[in-house]
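The structures considered in this document are given below.
Okay, so chain A shows up in both of these, paired with chain B first and chain C after.
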Partner chain A sequence: MSEPILEARGLKKYYDTASGFMDSMLGRSNKVKAVDDIDLELHEGETLGVVGESGCGKTTLGRTMLRLIEPTEGSVYYKGQDLTELSSSELRDVRTDIQYIFQDPFSSLNPRMTVGDIIGEPLDIHGIAEGQERDERIYELLETVGLNPSHSHRYPHEFSGGQRQRIGIARALAVDPEVIICDEPVSALDVSVQAQILNLLEDLQEDFGLSYIFIAHDLSVVEHISDRIAVMYLGKIAETGTTDEVFEPPYHPYAEALLSAIPEPDPLWDGEQIYLSGSVPSPIDPPTGCRFHTRCPRVIQPEEYNMPQKEWRQLMDFKQRLLTSDSLKSIAQVTDETVDLDSITRDTLDELIRREFDLPMQLSDMQAEQVISQAVDRLTEENFEDARALVADGFKSPCEQVDPELQSTGTTHRIACHLYDDDPKQPGATNTSDAVADD
Partner chain B sequence: MALLEVEDLTVNFYTQDGTVNAVDNLTYSIERGEKFGVVGESGAGKSVTALSLMRLIDSPGHIESGEIRFKGQDILSMSEDEVRSIRGNEIAMIFQDAQTALNPVYSVGEQIAEAMRHHLDYSKSEAKEETIDLLAKVGIPEARKRYSDYPHEFSGGMQQRAIIAMALSCDPDLLICDEPTTALDVTIEAKILEEIESLAEEFDTAIQLITHDLGVIAEICDRVMVMYGGKPVEKAPVEELFYDPKHPYTVGLMSSIPRIGDSTDRLQTIPGKMPDLVELPPGCSFHPRCPYAEEACTLSEPELLDTKTGKPASEVGTNHSAACLAYSGDLTGELDYSVTVNEDSKSNAPASQITGDNQ
Partner chain C sequence: MTDKNVLSGRGRIEITGFNPERVEQRDSLSGWSEEAGRATQSRWSRAWQRFKRNRSALLGVVVVALLAFLAIFARPIEVFGLTVQPFSLAPHPPGELLYFNHPGEGFTGDYQPPSMKAPMGVDGDGRDIFSRLLYGGRYSLSIGFIVVGLTAGIGLLYGAVSGYYGGWVDEIMMRIVDVIYAFPGLILSLIIVSMLGRGYTQLIIAFSLFGWAGYGRLVRGEVLKVKENEYVMAAKALGARDRSVVLRHIAPNTMAPLLVVASLRIGTVVIGVAALGFLGLGMPPGSAEWGTMLDGARNSLIRLDTGPKWWATVFPGTAIFLFVMSMNMIGDGINDALDAQQTGVGKGGDE
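Up next is the complex of A and B:
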């Protein structure tokens, strides 16, 4: 493939949330790892979709690539030139080539500017056109995006959401860019209007040879518009490939869950939904190893165990809960007030814990059963420390230990997950359909 | 008698720009245990219907006329006290924005328990135990511990679950959900929808689900009403609506959503924008955007007709109705679109695809 037109290498954006003197004195650096070591390539004329749920870092990524936000580390190359090295005036020149479209194009603009001035502003800033020529260019741009040139004297509030987004697009087009980073450009729009804007973006891409980075949370929209897709989770890329590759197996377990969760507009659709444990962890202190391991339905069992995947997932949930709690109240499901946790018998506690985590009274794996039953012994004595040590040591997934790298599962398809490690000892490396059957 | 019967409901908002006819002559009914969907885009009047049911329309809004009968009793002619005893008790509501529904200064558990004591006459400790039970049921882990957490200590998804728990706490007969998952991430959305559905089943609660998302409708609802410009334009059982839509607006809406696995480059669109409710187009309000519009459409306003017989739709006998002149014989042309239902290899479910001269 040709040289990418825009490329990120080892891009990082950390925010410091250390809240003051005490924190910094104690060396508590609360770094939010919003974007953590990302490589990304955009090729000429293509649309690269970046998709993920809130907090995954996709918007920070988009803004960092254009240095609307300064990256903490890493480089962004535009046609081979490193943007992170440029002075602010050099950067300004490059911005005629790379533009940004926001979800709400006017949130940052003066509401007293007319539409003509909004579109004309970049022409003024970059000294592209003035006078008669400037006006003509504005009319032409309005027409290009499907608006009436006579509207250039109106104010933004006179326009509907879809028309406003068209104005935002006209403003981005004013400087005749090569690349546009579109950040949730249609997510605030009604379905019928959303389709109009998506079509417009595709037409413009064809007419002007544009390349897009299209950031969105809506998978069906991303699938529709993208040639390639990168799926993000907690600041990292979990999977990337052509649209077809990402939407078909092999999957990254997160991408798979995401796909299964889309509500299909077909009442008879009965695909299996994959539910994830817990919620997205904080990016301040992301999970060790694979960041998805706290929720992954396929989280890998240690070699010495052999139990149904669901049981293993529940054990991992139990472990996570126990590691962060110091009262029985938070690990045992007590819905009956007659149970007194202070004087509870071992057997009752055992039952309540297994009920809370949906575990069988006897685990399928004898070795694992021993670990949990010893942990319950300790818990009955309210010896949390030893109980924690037992499960921390006994229920240890390889996924928690090593951060999986993006590895190729095809020429253009890459997945960051240990299931696809070449090491044949890992379950699932050779036969991924096994893992599917377990869910 | 249906659980809820709305008849000829008209709601106006008196604004500086003029009278906004938010809901116009709306009639529908919901049976016990039924899951009824209301779908439409912004300005369609979806949320106004929900607020009217709870009699929560405030000035400058005004319920102009109509009847809303709940178990046969007209909500609109009840005293404020009577309405209050129904609200939250027999009819509960889940809004999009969980934050506004929870009081930030009380713990989540207390709020739910308080509602239960108020409506169901529980003792303090009974209410607490029931609440913990319910929190666990809607999927809040560590329910007993989280009982005393404050709303801000809950994530968005957890708050929405707490709202569901609160809504279900008094075992309502009707649950109104207004865009209940729109603010949530898709993996959380899937779980919450699943919970709403299974809890409603368990408690035999009827649902009125209001959303712009056809995917959510397809997943949950038995019967659907499509609204446009304050009016219902089509009513049908969910499968008929998706596989055999009868109103041009429904057809346009269905074909403008991007569908996974569909490789066509361009989406079909509905040209133009939503109408201004102050100044609705004359005749059929959809005519400026409708590919099949004729002169007749600008002159007479179509009423909801039984699409089979062409007779005025009735709440009892009509299965599928649409408000388009094509069904009264006043259109000279035909609604020239076709729906092909393909067997989707991945899900083994039919996936509909609509083609026509919508472009």
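Up next is the complex of A and C:
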């Protein structure tokens, strides 16, 4: 393929959580790794879909690529020119080539300006057109995005969400850009309107030869519009490839879960929706190793264990909960009020914990069973310290220890997951006690 | 509606009690039309519509306008020896001693109750209170407007810079405001006047030097709110410079609360000026400023030997009261007009 038109190399954006100068003076701050070492390429005329749950850093990624937010590290190349090196006036010129469409069609248009002035603003800033010519250009743009040119003197609040998003698109088109970064342009709209806007974007791409980076939070939206897709999780890319590759196995477990969440119109389809436990962990202190291991349904078992994958997942959940809590109440399922956690017997506690985490009374792996029953013993004595040490040591997935690199699994398809590491014996296997041996 | 001709000859339905002329001639219900929309039916003009319907605010405007009119036309105004305003509504110059300039008309150098010749009476130095009252409006009104204009302007700039740049700049600028806030405003003005001495300019400086802090804080808060809006980010994405982002997108969206506070503050400043005057720290003694007039007549309140000289204090006091009251009614009117406007926008503004 040709040289990419827009390319990110090792892009990072870390935020400081310090909320004031007292905080930073006292060193009370944490780094939020919103975007952590991301490589992306966008080729001319193509659409790259960037998908991830909210909070995974995809909006930050889009904005750092445009330097709307200054990146902490890394470079963004536009036609070979490093945007991070540009002065602010040079950057201003590049703004005519790369544009941005915002998610919220309500807050992205200044309520005090008429539609004509909103669309005319980029024309004024870059001195593209004046007077009569400016008006004509505005009318033309309104028509291009399917609005009535006579509406140019109206205010944004007089329009519906879909129409406002069209205004936003017209504004982005005004400078005649090459690349548009679309930040969830349809997620705030009614489903019926979404398709219209997507179609409009596709038509515009054809007419003006645009390249899009299309940010979305679910795969169904990008399926039709994207040529390639990058799946993001907690500031990192989990999987990238052409749309077909991402939609076909082998899957990254996260992408697989996202795919299974797409509503399927075929009633005979026997796929099962994969539910992810918990929500996206905070990027302030992201999980070690593979960032997805706290929720991954296919999280790898240590070699010494052999149990059904589901059971192992529950054990991992149990471990995470125990590591972050110090009261029995949050790890045991108390349904009836009569149970007094302070004077509970070992067996009842055992039962309550297993019920909370859906674990069988007898784990299928003897070794694991031993660990958990010892941990319950400690918990009965309210000795959380030792219980935590026991499970932390006993239930240690290889996924927690090593951060997976993006591995090629096809010509353009790359996945960051230990299941697809080069040397394991059976790459892509689901129930793998032995898939990973490299740690 | 279809063409009338198409319908002619069809079964005729006669409608009674409906007068089409009235419908055509009555005021339109919504005030919105394609034309009105074209002529920037902006939020300001819609707020103005709302303001016009507010009786008490309009009353306030009338009173303030009247007071301003009387103050301006009280005595002739000369600029560099050139008379720009020749009228004089006040019968006497404010400092004129009636018994001295109009001997033989029954004036003495002491308090005299209202009469035909002096409708509000004569003060302890033998000056016409009515004339002084009209003329004195010049001090109170002009100080009020100038101080508020200055402080609001400085505060707008200060707050906009502080809020827009954020970070350390913001931190330092807001700590300065906190320090100013630690002192009561009137005490600060009092200190400044006692350092600079009495006088018109001194009073303006006294009220302006620290008076902007409140506006600064207000504007900063608004800017922080407005900055969150994606249209600010959008303007940057389009390549707009900081200056034009602030001027075009941020400042206009913070104007509404600033205007409300400023209009309410005029009354406060006028009261403050009068208070300093009453304490003998405002204008030089003997000048016709309302508060200073009250100060001059203070001894009349305790002089019981000749009976109370109510006119010497009641009229200047009423003037202060009238002006401040009217300004506050205007301020409330502006507040209502703009607030209602804001909710209108929030609902989608379907006017």
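Just so it is clear, the second predicted complex is superposed on the first by the 400 of 439 C-alpha atoms of A that agree within 3 Å, B and C clash if a C-alpha of one lies under 4 Å from a C-alpha of the other, contacts with A are read in each partner's own complex, and residues count from 1 in each chain.
Please note the rule applied: a residue touches a chain if its C-beta (ideal position, glycine included) is under 8 Å from a C-beta of that chain, and two chains touch if they have at least 3 such contacts.
Given the structure is predicted, the values throughout are model-derived calculations rather than measurements.
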| item | value |
| --- | --- |
| Side-by-side fit of chain B and chain C on chain A, or clash | fit |
| Touching partner for A:273 - first (chain B), second (chain C), both, neither | first |
| Touched partner set for A:198, first chain B, second chain C, both or neither | first |
| Computed vertex angle (chain A) for partners chain B and chain C, CA, steps of 10° | 70 |
| Chain B versus chain C as contact partner of A:175, first or second or both or neither | second |
| Which of chain B and chain C A:407 touches, first, second, both or neither | neither |
| Which superposed partner A:125 touches (first chain B, second chain C, both, neither) | second |
| Greater chain A contact set [chain C / chain B] | B |
| A:157 touches, of chain B and chain C: first, second, both or neither? | second |
| Touching partner for A:348 - first (chain B), second (chain C), both, neither | neither |
| Partner chain(s) touched by A:224 [first = chain B, second = chain C, both, neither] | first |
| Minimum distance between Cα atoms of chain B and chain C in the superposition (Å) | 6 |
| Residues of chain A at both interfaces, chain B in one complex, chain C in the other | none |
| Footprint of chain B on chain A - complex, ascending | 53-54, 160-163, 190-196, 198-199, 202, 217, 219-221, 223-225, 247, 257-271, 273, 275-276, 278-280, 321, 325, 327, 329-331, 333-337, 356 |
| List of chain A residues in touch with chain C within their complex | 20-21, 63, 66, 68, 91-93, 95-96, 99-100, 102-104, 107-112, 114, 121-122, 125-126, 153-155, 157-158, 168, 171, 175 |
| Residue ranges of chain C in contact with chain A within the complex | 37-38, 40, 42-43, 168, 171, 228-231, 233-241, 244, 248-249, 252-253, 345, 348-350 |
| Touch list for chain B against partner chain A, complex | 41-42, 125, 129, 132-133, 136, 141-145, 155, 157-158, 185-191, 193-194, 212-219, 221, 238-239, 242, 252-254, 256-262, 265-271, 273-274, 344, 346-352 |
